[in-house]
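One chain, chain A, appears in both complexes that follow, with chain B as partner in the first and chain C in the second.
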Partner chain A sequence: MDVFLMSLPTILKTMVMGAVPILLASLGEVFSERAGLVNIGLEGVMAIGAFVGFAIGKMTGNLWLGLVVGMLAGIAVNLLYGFCTVTLCADQVVTGMAINILAPAIALFGYNLFVGSNPANATGDQMASLAIPGLANIPFVGNAFFNQTLMGYLAFVLVPLVWYFFKNFRFGLSFRSVGENPQAAETLGINVVRVKYLACVLCGALAAAGGAFLTLCYTPIYTDGIVMGRGFIALATVIFGRWSAVGVLGASLLFGFFDGLNVALQAQFQAAPVMFFKMIPYAFTIVALLFFGSKHAGPKANGKPYFREMR
Partner chain B sequence: MAKKELSAEERQERTLSILTPVVSVLLALVIGAIIVACLGKNPLQGYGAMLQGSWGDASKISKTLERSCPLIFTGLCATFAYKCGVFNLGGEGQFIMGGCATACVILGGGIEGPAGLALGLLAGIVVGGIWALIPGIMKITRGLNEMITTIMLNYIALYFMEYVYKMMYSDQGLPKTVAMPKSARLADLAGTHVGVLLAVVLGVVVWYVIFRTSFGFKIRAVGMNPVASRVNGFPVKRLVLLAFVISGAIAGLGGSVELLGRTPYRLADGFGSGFGFDGVAIALIAQLNPIAAVVVAILFGTLSTGGTMMQSVIGVPTAIMDIIRGLIIIFAVAGMAMIKLPKIRAFLTNRKQSKKTEASA
Partner chain C sequence: MAELLRMEGISKRFGSFYANQDVSLQVEEGEVHTLLGENGAGKSTLMNILIGLYQPTEGKVYMRGQEVEISSPGVAVAHGIGMVHQHFMLIDDMTGLENIILGDKRHKSARLQLAEDRKTVEEIQERYGLEIDLDEKVSDMSIGMQQRVEIMKVLFRGADLLILDEPTAVLTDLEVQGLFDIMRSLTAEGKSIIFISHKMREVMAISDRVTVLRRGRSIQTLRVADTTEQELADLMIGQKFQENTYQKVSAPGAPELTLKDVSWHPEVKHGGLKDVSLTLHKGEVLGVAGIDGNGQSALAQLVTGLISPDSGEVEGPDGSKIAVFSPQSFIDAGLGNIPEDRNKMGLVGGMSVAENLVLKQTASDRFSSGHGAWLKMGAINDFAEQMREQNDIRCTSVNQTASSLSGGNQQKVILARELESHPKLLLAVYPTRGLDIGATEFIHNQIIAQRDAGCAVLLISADFDEVLKLSDRITVLFEGQIMGTYTGANPPIKEISLAMAGK
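Here is the complex of A and B:
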């Protein structure tokens, strides 16, 4: 028990850090799925965001510029997904898979050019943590929650905003109607195609921001496969979170907790086969899905192509 | 099954479904060339080097075929599953677990010779099947999305393999297993190993099973419309589960073949890396036709081995080949969707009809 208490601050710190990229990506996916688009290409969009954020941040020395350009790159990639699924009515899963293959390839190619030309580019800069005076000194939770990077705080601030948007905004309600019944939404004068494209833009920006967090705040390097399945974990958190921003926050923190547990166990038992600890977040995803993943939840028209002509 | 007369529309559909992937490949190569040209390199020289490096002489051909071999297996794995409406993204995990099972049987059991080979391959098939059975059971009982579960199982398999090559059968503490004994390896065949032939034969067998047997018909029926299949009395859940297991077994066999057929005959970091997603891409580009999947897998193998040569000749990173691969799949997906759009469809039929009226006039 003492051991657990001793490593609790580490666990909590890693939990919050690990939750942010998943939280950002899954908030993006909430927008996407609320508009009826299941985007399994999150993994690829995150990879693009991670690389572009890293490269631009390193080149200009301005990490926030890196984040913004990374988000723009994510939007560009996700608009490709939007064009295929909304305009061409392609299968969403298949298109998402194509994005998962194409986007990391572009990122890897860019990385090889960027670092190949100058090996000094391999390590980027990191955002500094901002401790909130007073709150940061609370035992256990203070350092974890109130000593983060500004980007981390912003991610958490997004949660109530997204929640409020869907709950109380007229546009948020019409947004949801597109995912539930696009035909009815269209007859009410909502431009379904435009809403779906807007969802793609938001999803691309948020997922890419989640990826950029990995290189700007988590580790200072980019490697192929840096996303490590977080895009797919984000898909799972959206299911546990029941497509709501607050639920997604809880689910992301839960995943972050298991990530933190993994890190703490690795530090504690260095002689043990640490690979089994590394399995924890992934195994937990499956276990959590077994208990909380219901097939009957979610927006009704999720995943279905919308043919305007066949109204 | 008797050959039935194809209507004009069906024939057109068939032509389009062959034409789309071909056009996608060409378009992707053109865009790849533009990227190369933007870097100030000569794309023609680059593609020349690519062909030279993959099909230039006998040893390069065999290298290309060896590189394509695992991709054929994972491509067939994805094809079979998707024919039944199952989106198995776990080809990589099943492939890795197949390799691990083979390593455990041969190194753990100390079995050598043909017995080791046979048992090793069998273990790969069984464990690959089991690794796919897990998401299968979760799908049919709890309705879990197999895309998420199979990806998670990929990472678990990856770390399990790390355990095998670092802790269980590590070669003098290095992060790789001891090499498989010579007597248990796959036999050589014209510069490559027998596994390549096995993969191609498997492609034909899978094609036969899917398109020429009643079992395959049921699998396809479930893939097209599970509700209608259930109404028709097909055991949908059992068929879905079988699709998982068979597709996993194919990938697992691929892992065993890779381990026993290709140098360095060891498990190490990077074994099977990316093969699962490549397999899905292959299946989609091949329009879920197993024989086409073999061809596309060989194309992917060509891109991989040729990419290395291209890098050394004109100095463009090999990742350009990954981009080309990604572009092929996105063009193929977009193209297939486009020709199904009502507008484009109407345009195509109209053109055909106006041609007909012109001819009759």
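Here is the complex of A and C:
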């Protein structure tokens, strides 16, 4: 128990840090699925965001510019997904899979061009942590929650905003109706196609931001495959979090907690194989889906293509 | 009265098929104008054009004398046109109020103004007597209330012209009366209603004028006061309509299927069966009357081998007890089945008409070699063409998907498939639900032809008129039990009605 208490600050710190990229990506996916688009291409979009964010940040020395350009790149990739699924009515799973193959490959190509044979090029700057005076000194949670990068704070601030958008905004209601019953939405003068594209833009931007967080705040060294399945975990957190911003926050933190536990256990039991502990968050995801993966929940028209003049 | 809407020379083409051709329609203020036509006559297409879901290939639309181009549903709303769809366009997961205000743009603020909108809605409710629980989720509402939410949606947007697409199809008789009251109070306030239906009695009761559509064309517009049900029916099907009456069989053949004290989940009042005994003879129609949800589904599943009884015995034609309950063994024994829901159980919507027609026989030598390993597409197509001819299945090609056919034609495909094998036992569950008179007559004739050929027919229907018309004997199900069995010739209607109510 003492050991656990001792490592608790570390666990919590890793929890919050690990939760942010997942939170950003899953907030993006909430927008996407609320408009009826299951985007399993999150992983690929995150990979693009991670690489472009890193490369632009390192080239210009301006990390925020890196983030913005990374998000734009994510939007571009996700609009490809949007064009295929919304305009061409292609299958969402197949298109998402294609994005997952294409986008990391582009990132790897860029990485080879950018880093080349000089490993020093793979190390970039990190955003500085901003401690909130007073709050940061609270035992256990202070350092974890109130000594983050500005980007981390912004991610958490997004949660109530997204929640409020869906609950209290006229457009939020329309947005939801597109994922529930697009035919009905269309008869009420809601532009279904526009909402779906907007969802693609938001999802691309947020998922890419999640990826960029990894390279700009999480770890200074860029490696290929840095996203490590976090896009898929974000997909699971959306289901686990019941398609709501607040739920997704909880699910992301829970995943982050298991990530933190993994780090703490690795330090504690150095004789055991590392991979065994690294497995924990992923195993937890599967277990969570076993209990919360009901197909009956969630937006009714989720994953279904929408043809306007369907007969 | 002033003219509200005029549609002139409307055509709509899907591929090479004209769903509407040179259709004209004129609606006046404050009238109920019925659009009458068989399934596939083009009523829904015309209305989808009017509300901007489809763009017409040709033709013009005028509102209050001004030409308008309805390029999207939003434009239709702006012109005061609103539609209550046959399949409700509601978001199940939202409340009544949320559904009503969804997509409305009257407030400048980006935030929802629920309190203010609630007031507006309540005022409209008061005015037209629309009873809605605004805070209930749609998925928890009765069908009647869901429909009132749909009407309210349209009124909330200030519609002057309401289109009601077969609004009575889903309602009970009492709810229909309530709907008619609402319609009358709407027209009294100067609103116009386009009413789509093919139930003649309702059309005569509620409408001022009727426009008849047939095979995509508008045939004639008449005042209800100057016409008769017979004339409308003739116009609708394009020939003299004569409702058939069938000779009742009094001396049927040997038993084909016997149920002895069969129970299945008897504790479930609305879905189980309790001590059901009945005998089905060759060459007779046994009609099962009763209000929906009194064990009809279980009886149908039992007779098709989908479920096996908890207790009691089922005997085949030779008096031997049936031990194996599986759809395949029942089909092998000569069962033909017209299931309850043609889209879910009768057809594979995404497959072609031809493929659906041979679904039961894919392993036969006629349509495949090696027991279904290799399909003989040529033989299948020839067969499908022949079936299409014999059964008057209206489609552009036997290779189009089954889901693209109208309801009546879908039912004809099922009937063609099931009767092709000359069944010994035919189960027909709600065989004409949602069909127009032409298709209904066709299906009734086919069922009686099977009976006359010696087939034992079990007819389950919630349409009492249909049961009376076709059955040689009538049995009544109530809460899973048989209330009595009556003769089909001169049936004691009053007694049967009481039995259906459980008395």
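Note that in this section the second predicted complex is superposed on the first by the 306 of 311 C-alpha atoms of A that agree within 3 Å, B and C clash if a C-alpha of one lies under 4 Å from a C-alpha of the other, contacts with A are read in each partner's own complex, and residues count from 1 in each chain.
Just so it is clear, contacts are C-beta pairs under 8 Å (C-beta built on N, C-alpha and C of every residue); 3 or more make two chains touch, one makes a residue touch a chain.
Remember, it's a predicted structure, so these values are computed and weren't measured experimentally.
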item	value
Touched partner set for A:236, first chain B, second chain C, both or neither	first
Touching partner for A:217 - first (chain B), second (chain C), both, neither	neither
Partner, of chain C and chain B, that touches more residues belonging to chain A	B
Which of chain B and chain C A:169 touches, first, second, both or neither	second
Which superposed partner A:17 touches (first chain B, second chain C, both, neither)	neither
Chain B versus chain C as contact partner of A:113, first or second or both or neither	first
First (chain B), second (chain C), both or neither touched by A:190	second
Contacts of A:181 with chain B and chain C, given as first, second, both or neither	second
Partner chain in contact with A:300 - chain B first, chain C second, else both or neither	second
Shared chain A surface residues [contacts with chain B and with chain C]	309
Chain B residues touching chain A - in the complex, by the definition given at the top	39, 87, 89, 138, 142-145, 147-149, 151-156, 159-160, 162-163, 166-167, 277-278, 280-281, 284, 317-320, 322-323, 325-327, 329-330, 333-334, 336-338, 340-343
Residue numbers on chain A that touch chain C, as the complex places them	168-171, 173-174, 176-177, 180-181, 183-190, 299-300, 308-309, 311
Residues of chain A that touch chain B when the two form their complex	40, 80, 83-84, 88-91, 93-95, 97-106, 108-109, 111-113, 116, 228-229, 232-233, 235-236, 239, 273, 275-276, 278-279, 282-283, 285-286, 289-290, 293-295, 307, 309-310
Contacting residues of chain C [partner chain A, same complex]	14, 51, 53-54, 72-74, 77, 83, 85, 89-94, 98, 101-105, 107, 109-112, 153, 404
